[in-house]
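We just call them A, B, C, D, E and F in the order they show up, numbering each chain from 1.
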Amino acid sequence: MTQAIARELLAAKRPYTEIEVVNLEQGPEAIESAYDESRALPGLLELVQKAPEQGFDAVVIACFSDPGLDAARELVNIPVVGIQEASMYLAAMLGSSFGILTTLERRVPVRKRYAAALGLGDKLAATPVLDIPVSETVGSLSRMKEIALARAREALNQGAEVLILGCAGLGDWAPELQERLGVPVINPNTAGLKIAELLVDLKLAHSKVRTFQRPRHVV
Amino acid sequence: MTQAIARELLAAKRPYTEIEVVNLEQGPEAIESAYDESRALPGLLELVQKAPEQGFDAVVIACFSDPGLDAARELVNIPVVGIQEASMYLAAMLGSSFGILTTLERRVPVRKRYAAALGLGDKLAATPVLDIPVSETVGSLSRMKEIALARAREALNQGAEVLILGCAGLGDWAPELQERLGVPVINPNTAGLKIAELLVDLKLAHSKVRTFQRPRHVV
Amino acid sequence: MTQAIARELLAAKRPYTEIEVVNLEQGPEAIESAYDESRALPGLLELVQKAPEQGFDAVVIACFSDPGLDAARELVNIPVVGIQEASMYLAAMLGSSFGILTTLERRVPVRKRYAAALGLGDKLAATPVLDIPVSETVGSLSRMKEIALARAREALNQGAEVLILGCAGLGDWAPELQERLGVPVINPNTAGLKIAELLVDLKLAHSKVRTFQRPRHVV
Amino acid sequence: MTQAIARELLAAKRPYTEIEVVNLEQGPEAIESAYDESRALPGLLELVQKAPEQGFDAVVIACFSDPGLDAARELVNIPVVGIQEASMYLAAMLGSSFGILTTLERRVPVRKRYAAALGLGDKLAATPVLDIPVSETVGSLSRMKEIALARAREALNQGAEVLILGCAGLGDWAPELQERLGVPVINPNTAGLKIAELLVDLKLAHSKVRTFQRPRHVV
Amino acid sequence: MTQAIARELLAAKRPYTEIEVVNLEQGPEAIESAYDESRALPGLLELVQKAPEQGFDAVVIACFSDPGLDAARELVNIPVVGIQEASMYLAAMLGSSFGILTTLERRVPVRKRYAAALGLGDKLAATPVLDIPVSETVGSLSRMKEIALARAREALNQGAEVLILGCAGLGDWAPELQERLGVPVINPNTAGLKIAELLVDLKLAHSKVRTFQRPRHVV
Amino acid sequence: MTQAIARELLAAKRPYTEIEVVNLEQGPEAIESAYDESRALPGLLELVQKAPEQGFDAVVIACFSDPGLDAARELVNIPVVGIQEASMYLAAMLGSSFGILTTLERRVPVRKRYAAALGLGDKLAATPVLDIPVSETVGSLSRMKEIALARAREALNQGAEVLILGCAGLGDWAPELQERLGVPVINPNTAGLKIAELLVDLKLAHSKVRTFQRPRHVV
């Protein structure tokens, strides 16, 4: 999955942007639960913490669940982008309501809760479920794409005008699905990258005055 | 702080309830940020995971930020109680709106976000801030209590009818503050314990059908 | 129905809790409408008013519509528990969303309005309807239970992770339905009793400073 | 108070509208609490029930708390108007947000809850409090009007663009306050009357298909 | 369509109300999009601006999309009524939730957005779609009415207790649909007229203190 | 103002982006009201309509009120960016809540309404008002900046963690205010430009399937 994401990002980045795509050395095989998220945090936050001194101007957490987003923003002053957050706000600019293609039924309430936390609960019109484990989403098996297309069409009938691919591993399906569905389809990985480029260009980062203040004790 | 909480719980528990109050062997000194929460997770979840086989009927996470609550619920079938969640829902049963005495200004947006996620955003009328580090909240220094009282009175004027002590370390102030303020004051530690007793009595635990399904890979 | 409720409560109460289950001497046969609620109020409030002097530590209004809850809280200083309110907040602690098994279609909007007033409008995922009059809900006719099970399963498919039995007369179905559905099923009567025990233990009652001030003229 | 309301309504009604203003034979002196509301219900609903056979085309409940509104609508097919409901929806048509001049601090949460139930929680910008008992609001004591004006001006500064007089007894202050404040001031009594006339003209009444179905047993 | 609306209004107005129904000299054939709305604005606002000096006491914008409502209110001091706004608030007084019969699928999100802006998002239970162009809605073709009835019945099953005819051109269907559906059916044209009469009677107009202040430069 | 905006955009654009900043030939001097917005629409939409055939890949409407945004999106397939919408969603990614520096008190309710429509009503913590006419905002008069700074600091105390400059004419103050306030300050003009670049890069545009379908009759 890491290599697929790297390919997408290299194709989408601007000429003068340099990116490095890293996988956690230790962590869960896939992130399908809050428990999996918790297991990713130590390695993830260690990487984020080192990013500024390594010269990076921004960090993108390329897991759709945005694990550790708040903690990462507390640790550093450079922008930290959550790809779910970025995708949802972009989707909200592109239509009255949107759908999120979700890998597992169990994550549907988590997606709804997140949309609500962003203020977009009423704009999330559908959460079509693929029902395939994250680990099987890499690659472009045609059968899975047909399932995804069928579910996405139901989502459009339920009112969605835009589709978000709700898993980093699904990102590279975006162009084909956009072509076949006739609606904007957001690849969360490239959406996250582009928001990072935008924030760096605008010299903007998350506010450090209250929520994201640096913790008093950092190890 | 652990001993203070243990004393409160021993005084509040029913005769036949057996409780064990444990502190994490490894973890942050205090939990004042999302980063601190992330550092508490590995040790916390390890303890939760062992709880059923050790014969416990329920788990209470006695940190007001409810760190790791979702992940803990995924891991076990016995009830896992978050003391912030329990306190807020109890407060909502006791008045039209409530306030949360908060240790640090930086946690105010986090409390508001949590209330909103529980559906109680409109009932959270005030978030009086003590502005003292968590590590200094243990014990009952009279100066701090006076500050707390003054802030709490402002909160009542802002519409709060109930007060939640928004830090596990502040729990033992509840009887005195309730007496002096003339409104219900919720100690989150005992609130959490009692909700745990209630759930065990009613043979209820969190639902395992969707959000809190057991993760596929648990180490 | 009163006897069935009494049996449930006696089985659920703690050893040292003493309870008295009383039916209104005058009042409607069943409460299926706002009009029925209005007819229950005079007798209900008279009972509530006498409760403290009779030595009761708390009152539970064992009708799912929570009739007269605000007025009762104004009249006395001991906790008054509404079983619908208690059930909904407990349900919200046990899953991302819940359903309410409702006796009559006409009460569905009333349940939704109540959930919204508690802040739980977005967590009420389904309101399966039995469509049987309240007066026929007492007892455990197998046909009705099968209907209830079928409707409840639809509710789970609509996103409910927890089920509330939305009528005091249905309370004793909870264990069997919980067993067969595999999700937590809340008996509103025992939920109300246990919240009452919890509040008495914690020396908490509704706030008397604003909403629930004692009326100036009480007859 | 009844006579003052009658004068206002006679002045506001259309030439061909016939009105009868009746006070409850039995009931509370004033309605300042949920308990007071409960005491008004038996007499109120008896009057409502007789209204259609007495030839009335509509009923207006001229108490700002809208006591018994749902039950009254269940009982009859002719329109039943709640003056708080009518006033709030009219106010919402006249400005981005409104304020309600409230007699007692204790009723502020009740007003907010009602606005929220109507969907207007975010449009209720201020609830200036007179802090005078309902029984003293009849008549036009100049001192009270000056207090009302001062509080109303604060409400305008808090964002209110329209003012509702939140007590039937205050209705006749509307013209003077509107003149002096320079914003629309709604008299809930005349607002209720005019909505009743409007509904009768349009042959509209509340829907009887679900929420307001006739109760099965009416005495 | 203009003549049909004129007939409805003449039948619904009070004896002493004088009305003039005018069509824009220049403007779109029908209003089915935001673009169409923008094309109606210059002519519409010119008419509104002249209304007070022509002796009119109120203006009703008889297009269901309420085009130019805010701008019109800025321009004049007499009440300006939007028929969608008036219809929705009336519907909210007549049942727990309502539906809007909508001409085109593309306008469904626009109706939902408007309901949400009025605070009525949760009360809009259904948006049955006729899928016929506005220009074909004038007249009472029986085929279209049967489609409308079928769609409206689905809306009632989805929880709507009241129906709004969501197009000025559909207004004259109201009596027949109300008769056949057995629920209140709101004709937006007559609803708007009656709200205008009501406001004039009550000497109320929109507030001029903030949102609807007169623009500094009017041509 | 047009020249100031052009300077900002030329400084912020990427090397290979070509931009053309055009002012309406006919239109209001400034946009301070819904009426002013309506006057801008004919000229604005004419420009938008020609943009694709002139080879533009995206359109940014550089007026903070986002006039004509929906109509513009209906007319063309290339992305149309509203700078208020873009600024608010970016602000929501940078802190728990944000403030909007507003030129005129009368526009405060309009800003709040817009935030609510985007789902961000609860995140808009403050709307500090400059109270200077739009036409006087061009240039960097030091007195106005000091007023802006004082108001912005109040906004931060009210909970805002990010500041949006709520007028296209104020955009060039962003770097200095960000420096002096210590929080992210969003220039809506450059925010809009960068979102346009991002959408073009990602081959995304607003959905054309429902809300933004092309109108049937375009002149």
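Methods note: a contact is a pair of C-beta atoms (placed from the backbone, for glycine too) under 8 Å apart; a residue touches a chain by one contact, two chains touch by 3 or more.
Computed from a predicted model, the values in this text were never measured in an experiment.
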| item | value |
| --- | --- |
| A-C or D-E, whichever has more C-beta pairs in contact | D-E |
| For chain A paired with chain B, centre-to-centre distance based on mean C-alpha positions, whole Å | 31 |
| Euclidean distance of C-alpha centroids - chain C vs chain E, Å | 42 |
| Between chain F and chain C, distance of the C-alpha-averaged centres to the nearest whole Å | 51 |
| For chain D, residues that touch 2 or more chains besides their own | 96, 108-110, 113, 116, 121-122, 159, 161, 210-211 |
| Pairs of chains satisfying the touch condition | A-B, A-C, A-E, A-F, B-C, B-D, B-F, C-D, C-E, D-E, D-F, E-F |
| Of all residues in chain B, those that touch chain F in their complex | 108-110, 112-113, 116, 121 |
| Footprint of chain C on chain D - complex, ascending | 28-29, 32-39, 41-42, 45, 68, 70-71, 74-75, 105-106, 108-110, 113, 116-117, 133, 210-211, 213, 215-219 |
| Complex interface listing, chain C residues touching chain A | 96-97, 122, 159, 161 |
| Interface residues, chain B side, partner chain C - complex | 12, 14, 81, 85-86, 89-90, 92-96, 118-123, 156, 159, 161-162, 175, 178, 182-184, 186-187, 190-191, 194-195, 197-198, 201-212 |
